[in-house]
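A quick write-up on the structure given underneath.
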């Protein structure tokens, strides 16, 4: 297949706008430095071990948190969706706990885990969990009744129905949930580091912010964004493989 | 470790006590970095681990839980914590104002074209402070009162220090309570100092201090004493060697090398100016930041 | 073996089936015909334990049917949606066998045999949505056949295939029925097909549904597309069923009730 | 029975909390009665009017803007593979930027007042709506797409009656997620340049070590979430009536 | 009027249609028959401008078809999925008329008329998923009929209805055709139906598809379910078509190519 240059073109256009806005004087270049000077700082930082270990810390907290959140959300989501009694008993608590913003848990996190990885993980897991969980519930509810009846008529066991009908039907939702959760997990990882001071990119941003070099702040923020893009590329690749049968993917095969 | 009351047991390794200290990446804590570098702590059998937290609010719970043994915080926050019954004790002076009007590390500034001439003119204006119900707004009110104005009509807005320069330049606020290094930044951009507010509050105001959990004080008085000695030596060294202070900033902050020499450094006297802390406490009580007049003797270790 | 007694089913306000009783002997092949919307699919789903009747009872070998009983297979009218789009044709046919814990080698043989029987041996690796309507329907039939059920419920299973294929599939079903003694309830709207396939034909009235008539097909058990369909008795029977359906539709619910 | 189902788990959870906090061993974890006692004096009507109402208004405005923008953009991007290819990396980039570091940038353009807070809320919670809309649009049944083309159903009607309706289950899921995020961002946006608001007040309590009061604030956030989720559920039942019916129709009464 | 010339269509590696040419005069009714999977649906979609041919051309009144042309209606083989589940039956039928900017009163009349013609006048307020398969198919037919197209493409439109309803609908299509002079391309797998309905019957070969034979139905234009089907010429023609389809299937692609 031919390489798709369009995402690159889109990105270049966005970068050009970023370069142009401060240069045209729409905002002061100390408030929003042009992308070229941000890149210069980025190149400088990329030569330091501190930068890479911060990325490492953030990615580790993110990945671990996302895995825990995804496993818990998918497991619980399926269990609750398939055992109506459990769902009936948990709805009220879920509806109450879900909207509690994870940032409000920062004090709790600090009390329980201090300023280390644990605090970051608590916030990351809490936030990403709900994102995935809500998608799982919606996906599980979106099974084609005819497909489900087919499985029942062949007396698929409970596990068989989950494995062969519910899971594939819910998969598009789950993957959207994972993409949402991955982004939220990254946001929370960085936010936790930023607000609590746990090691990672967020902490670097906090330090840079109380310093006097705006381009460095933007360079670190840019790094966060690039991480987000990479995460998405990863999930998308998985999605294209897992959902080759789905209307959203198969229609793109030109006929 | 869960719980604010679990004992802060200090680990030792090779005969040295392992102390984890929570700091903030600002100029104020330069002496401890310098002191660590100079070996003031190791020679007293203390191995320091310095952790930067995002702010005092994150440090207090960590000292309570025993994750940090020592923390850095301004006195208003510490008074607030004691006001609510947290068993924290101040053991050493952290940072003090220079006491020189117009030449302090913190100030109230206004934008280039502002008509305001004295703090009195801030009445009815929008003033940014880094945290509300803390030393910032209390000091600003004190300055306004001192200049003969009525602080009641000031509209305070909470804004992190790093966001202040842009807000002032953009005219989003009329004045700001600001500290270094942002103070030098806004001055370079044309802002004007209205008054050095710490100087208005009290002569040689003690702004922040080093604190520990009362438990540690009870369980290991000797260790705390050694730490205090080391801090005093560090403070004195920092006061005497401003150039080295400016140098060490690059180790834990991102203050650029061209700005560091221009900063107004604070003072690091050995002793806490207890009178100034009492003034701060009275102002905070008047402003209803504190619920009752604090018992200041309980605040200090000795 | 399969007994449906006094079945009644309402969907909210809509009374789909009023009172239907049908009993199938073990190894019997009964065809169900009736006007569009009279409740054939509803009846089949109740028999399969997929739908709970509003009244009456369904029993299989004496035990009440509350969920889909063992060794039963259903071919759904909505064949397209009953295939799993995320599985290839072969995996679609294979999946129920896996669930039944059939050994791998045996499974492969059953799947290939069934696909060959419906003429899709070469399309095993395609996805259902890459097939024509008739092909999809044949996959659904292959899935049921490969399962080797003892009770087979089929809901207009040949509606989407051409005349020649339909004839072949009719003969396939009859041969399976004769070989394995499967009990089959077969819904169709093709009268010739009902008479050609069935030992009995049950004619349902228009909704709210009752049994309009039950007809025993007294044609010889060895049937053949050419000779059987030319049999004068065949023509007689199909004319009779046609007249009954027409009557069922014309008479309508009011007359039935009154 | 319904009452039991609704309250059983919350009561158990409160019991666990009570057991964990009993004896006042932990300063940061007050007992349920301590929190309950703090609730009344903390949240009087004047405080609610001054701190909660403006927050909720900002939240709703930001959520509404995000909803409209997310659906419109999602329809456009979901219907065009080309647009999707161009915009995806940029959108993913923006999505990964944590709102707290975004706030200063937003302040440059939107000031430090309500506009900034609404922008932050809107910007942060547009993503689940956008993503779900895009996915929903892409998953619309191709047969229905062909029906529309065959009957030359105009672009606008096609959007309204096919794409929007077909994607509506996914869109509603996205909006549900966005609502939760909007509450988070309401708090975050009030951590900067604020002088009132629910999030601001909670942070204030935390900073001044008014721990029971802080917990009442968190609980109030939870209650706010329950109310908003409940209202959303009502709206959803109206919008997706056909969908719930369709999904139930196959499951029968069993 | 509708000219399909040298049509060729491949899906990836699968060659669905090799070379098919069919031309319909204005107001002609042509039936298309052929084995399952031979490409009837594909051909219809190409004719409707829904699918781009791999080779060959489709023109309507001389203009090349690149998208669905005006005043064309299609009844899809996947009738169930072609109805909007979020719209009631009445709104489903109404929607294309709205788009055509038909006046409200006229629309209401057309919708009721069409629903009555297919026997669903009383189910206008139900949702499609509350209907039986045959009813759903009739809604799809009503939608096409109410549209009053000048070209009507129908893909096995009566596959899910009972014999009596089918006969009624056949007569409905013929009467509409005679009254409004609609050009109709009608895909069916029912040979009797093809002969009964069509002026011509086009028989397609098995895939890769070519035209096996085109047959002119020389029956009188006034047709009637009883008399026409008893006509010896009718029997002759249907036997001929049946033989052709059988040949088409047996011969297979190799023979056609060779």
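The first chain written gets the first letter, and so on, giving A, B, C, D and E; residue counts start at 1 in each chain.
One rule holds for everything that comes next: contacts are C-beta pairs under 8 Å (C-beta built on N, C-alpha and C of every residue); 3 or more make two chains touch, one makes a residue touch a chain.
The model shown is predicted, which means the values in this text are computed figures rather than measured ones.
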| item | value |
| --- | --- |
| Touching subunit A and also subunit B, the following chains | D |
| Chain pair showing more contacts of the two, A-C and A-D | A-D |
| Inter-chain centre distance, subunit A versus subunit D - centres from mean C-alpha coordinates, in Å | 16 |
| Subunit A and subunit E, separation of their C-alpha mean positions in angstrom | 49 |
| Intercentroid distance (Cα basis), subunit E paired with subunit B, Å | 84 |
| Centre distance in Å when subunit B and subunit D are each reduced to the mean of their C-alpha atoms | 37 |
| Set of subunit A residues in contact with two or more other chains | 31, 107, 111, 144, 146, 149, 194-195, 209, 246 |
| Residues of subunit C touching at least two other chains | 45, 50, 67, 78, 81 |
| For subunit B, residues contacting two or more additional chains | 2-4, 61, 64, 160, 162, 166 |
| Contact set on subunit B toward subunit D in their complex | 2-5, 57, 60-61, 64, 77, 80-81, 83-86, 128, 131-134, 155-160, 162-163, 166-167, 170, 172-173, 289 |
| Residues of subunit D defined as touching subunit B within the complex | 25-29, 103-104, 107-108, 111-112, 192-195, 200, 204, 206-211 |
| In the complex with subunit A, residue positions of subunit B that touch it | 1-4, 22, 24-26, 51-55, 58, 61-62, 64-65, 67-68, 160-162, 165-166, 169, 181-182, 184-185, 189, 252-256, 259 |
| Touch list for subunit E against partner subunit D, complex | 45, 48-50, 67-68, 70, 72-74, 76, 78, 81-82, 84-87, 95-96, 98-99, 127, 129-130, 143, 147 |
| Subunit A-touching residues of subunit D, taken from the complex the two chains share | 5-10, 13, 26, 28-29, 81-82, 85-90, 92-101, 104-105, 108-109, 127-128, 131-132, 135, 138-142, 169-170, 173, 176-177, 179-181, 183-184, 186-188, 191, 199, 202, 206, 214, 217-218, 221-226, 228-230, 246-247, 249-251 |
